[in-house]
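You will see two complexes here that share subunit A, one where it goes with subunit B and one where it goes with subunit C.
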Partner chain A sequence: MNFGYLIFVNENEDVDYLKLAYLLAISIKVTQKEGYDRVALVTNNKEKVSQLSSPWVFDEVIEFEREEEGWNPRSWMDRYSPFDYTVCLDSDMIFFRDYSHWIDSLIGSNLEIFLPSSAYTYRGELICDDFYRKTFTANSLPNLYSFYTFFKKQSSIREEFFNLGRWIINNPNDFKNIFLPKKMPKVVGTDEALSLSAKILDIDKIITLDNNLIKIVHLKPMIQNWPWPADEVFDHVGFYFNLEGKLKIGNYQQNQILHYYKKDVITDEIVSIMENKIWKK
Partner chain B sequence: MEKIIDFDTFIANFVPREPEYEAIFDDSGIVISVRPKGISEQVKNKVDIDLDIVEQIHAGTLHLHNCFVDLDSGEIEITRKEYLKKIDDILHRIPHLDFFDKSQSIDVKIIYDRKKSKIKFSMTEKLKTKKMCWSGDTILSFYFTDYNDPHVLFDKIDITIDELYKKDRVLKLEIDQRFSIYTRRLLKNYVLEEKNENIRI
Partner chain C sequence: MNNGVLLFVYNNRDIDYARSAIIAGFLANTNLQVPVSIITDESTIQWMKQSDIYQHAEKLFDKIIYTERSTRLNYRNLRNGGLEKKPVLFLNDNRCKAWELTPYDRTLLIDSDFLIYSDRLSEFWNVDSSVLISSAMKDIRGDRCGYHDRYISDTGPDLRWATTVMFSKDQESKVFFELVESIKDNYQYFSDLYSFLPGQYRNDISFSIAHHMMSGHSSSLDYFLPPILTVQDLDSIQDIDKDFVRVYINDPITGQDNFLCNLKNTDVHIMNKNALIDNFDKFERFL
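Presenting the complex of A and B:
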């Protein structure tokens, strides 16, 4: 089985996305068992990768030559993946334990594409609030999250699904006016584009699982099921990353994949803790 | 030769100047008056003040006696009742000197000597010279915990602000592993330095 994780980094002056991707890759190498721990990086600045202390955590580094802004390069995940089975991740995520059984389940279920349709708070509660997803609710879009996108290379629907997703991203106005007239988004991001692509192709029911196996914690502040509004999650609960590479948010030990969203929470200290973990492995 | 300006053009292009103000303060830094800038060059103790602060003073939402000038930075400081709201204020992890932003000034320095099992708390002279009011019996609590995990408590030390103001405190403390110190952030910047540290990350 040729499986691996794929991470995109589009160089940005405001955020060091390579550092986030590097930490994610280390956490994958530390926690996943052999055969499930391969990581490919797609970046528009290959040179910077060689400046990292342990660039070998990326099994492959692939140059992204296209001129794309922000997160748009991610829509090319199916073209750039070197693996037969791929999970494309957002760079602002981190692993805490072995999730190889998730991959076995996805491959075993003969899924050609998978995107989670739910996310969880740091307390493990299902996120019910659509604060950041008004467009999805108002226009009956399938509630898909692209931060964990699984796909199989040899697939009949893969190409159609991603091609349409790219077309939507590159021609947002053509689709917004017809399919997203209510609570129209200013920018059609990867989540909206891939969800709309699934809806148009009528495959939204066959690219998700209902078994609640795959749980990703999403740390956007307004969807933590708190009874008060919040600008920042970490104004309200602490972020405690110990020397074992384990994380508590408030009183809650984190065991699921974490999409931390707030980039500056990842300090050089955390990176150095994880580097020590990988060097000792 | 005098140039005649067309009034209509003048008024159409006229952009009123943003008013600028300055604060006059005494030798201890207390602001005693606020006035438009450039009235007189004779006063030495003066500093520019933002328009929004002037407006707050004018509206009565900010009292002049709450304003003073930080003589080090030359900036206007406003005393307010501080409320600890964020989790980082209530349970603040004291950063290690290696990770401390060196552009910030230190208020309380903690030095731990692992070999001698001694810990020293000191208030910096810079903080002592600041015009600050506090209740002397206010307790600074320091929680010694597992590294970056306040859930695992090893020890706790309480020191009043008065004690720390008068002299450095040196106490016996034996912790044989990496630890973090958490505290309520009553003062702005605390820093931890470790000596004879052989347990690195």
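Presenting the complex of A and C:
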């Protein structure tokens, strides 16, 4: 089985996405068992990767040669992946334990594409609030999250699905006016584009699972089931990363993949802790 | 396996917990078909004798276990049907001693205002889990359950309900109850750590934190006892018998009777303790 994780980094001046991707790759190497721990990085600045202390945590570094802005490069995930089976992750995520059985389940279920249709709070509760997803609700879009996108290279629907997703991203106004007329988004991001692609192709029911196996914690502030509105998660709960590479948010130990969203929470000290862990492995 | 039900009973000037415990004990004994014991103190027993109910207690309870009365004064606001609240004393801080005091191998610890009208909890005697606690509270009207009935604090763990706790007398449950005691003894510290108000000691909070900690500081996937169906203290009892309880469910804004609800073959937590105690005479003929 040729499986691996794929991370895209599109350098910009505001956020050091390579640092986030590097931490994610280390956390994958530390926690996943052999055969499930390969990581490929797609970046527009290959040179910077060699300056990292342990660039070898990326099994492959692939140059992204297209001129794309922001997160648009991610829509090319199917073209850039070197693996037969791939999970493409957002770079602002971190692993805490072995999730290889998720991969076994996805491959064993013969899914050609998979995107989660739910996310969880730091307390492990299902997120039901659509605060950030009004467009999805208003236009009956399938509630898919692209931060964990699984796909199989040898697939009949993969190419069609991603081609349409890219087409939507590159021609947002055409699709917004027709398919997203209510609560129209200013920007059609990867989540909206891939969800719309799934809806148009009528495959939304077959590219997700109802079994609650795959749980990703999503740390956007307004969806944490708190009794009041919040601008920042960490104004209200602490972020406690210990020397073992374990994380507590507030009173909760984090065991699922965490999409922390707030990029500046990842300090050089956290990277250093994880580097120590991988060096000792 | 020696199964049994255990209640903590400490009377005070406002609430005659002894009468409430006799009703709850009678129903538990009748519907679960297991012995029932109480943990109490000398003054409560003296009161039972003075008020001529001790003979019921002697007959009903398998064991009457004496302890020292707690010196920790704990008050809470209690309604007696309607909206008016009155601060009343309650002595509840030695529940963490249930492990060492219980005479049973597997114990169902219940509040003295929890009425067992079914055999549903019998399903849990043989569950392979050292400590089981109720997962949540279910308001009988369905819309009077607040945020802090679900969580111990705004950002903290789920609130579990120590109204029903089942435990085996083993090492795991010993650690659990020691943890509850440690949380009780360091309540201010834990209130800072878990962001809840420490003014009133609540067993529910101590048990919830201990459960949370023993679940690896995360949401437990373990078994739970059923949610506690709750008749709030602003509600009142219309009639009660050994087979049913009929209650007026009051509106939380007006405090007036909204509708009448008959509960049969359903376990229920009657938070209006005085309404329960006032109906003691209806049970005397069964005792």
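Everything that follows uses one rule, which is that the second predicted complex is superposed on the first by the 281 of 281 C-alpha atoms of A that agree within 3 Å, B and C clash if a C-alpha of one lies under 4 Å from a C-alpha of the other, contacts with A are read in each partner's own complex, and residues count from 1 in each chain.
Here is the rule we go by: contacts are C-beta pairs under 8 Å (C-beta built on N, C-alpha and C of every residue); 3 or more make two chains touch, one makes a residue touch a chain.
Just so we're clear, the structure is a prediction, and the values are computed from it rather than from any experiment.
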| item | value |
| --- | --- |
| Which superposed partner A:Asn170 touches (first subunit B, second subunit C, both, neither) | neither |
| Touched partner set for A:Ser109, first subunit B, second subunit C, both or neither | neither |
| Subunit B versus subunit C as contact partner of A:Thr267, first or second or both or neither | first |
| Which superposed partner A:Arg123 touches (first subunit B, second subunit C, both, neither) | second |
| Which of subunit B and subunit C A:Val237 touches, first, second, both or neither | both |
| Partner chain(s) touched by A:Pro227 [first = subunit B, second = subunit C, both, neither] | second |
| First, second, both or neither for A:Tyr252, with subunit B first and subunit C second | second |
| Which of subunit B and subunit C A:Ser53 touches, first, second, both or neither | neither |
| Residues of subunit A at both interfaces, subunit B in one complex, subunit C in the other | 236-237, 248, 251 |
| Interface residues, subunit A side, partner subunit B - complex | 234-238, 240-243, 248, 251, 267-269, 272-273, 276 |
| Residue numbers on subunit A that touch subunit C, as the complex places them | 123-125, 224, 226-228, 236-237, 248, 250-253, 255 |
| Residue ranges of subunit C touching subunit A (in the complex, touch as defined) | 147, 154-158, 193-194, 212, 216-219 |
| In the complex, subunit B residues that touch subunit A | 85-88, 91, 99, 146-151, 178, 201 |
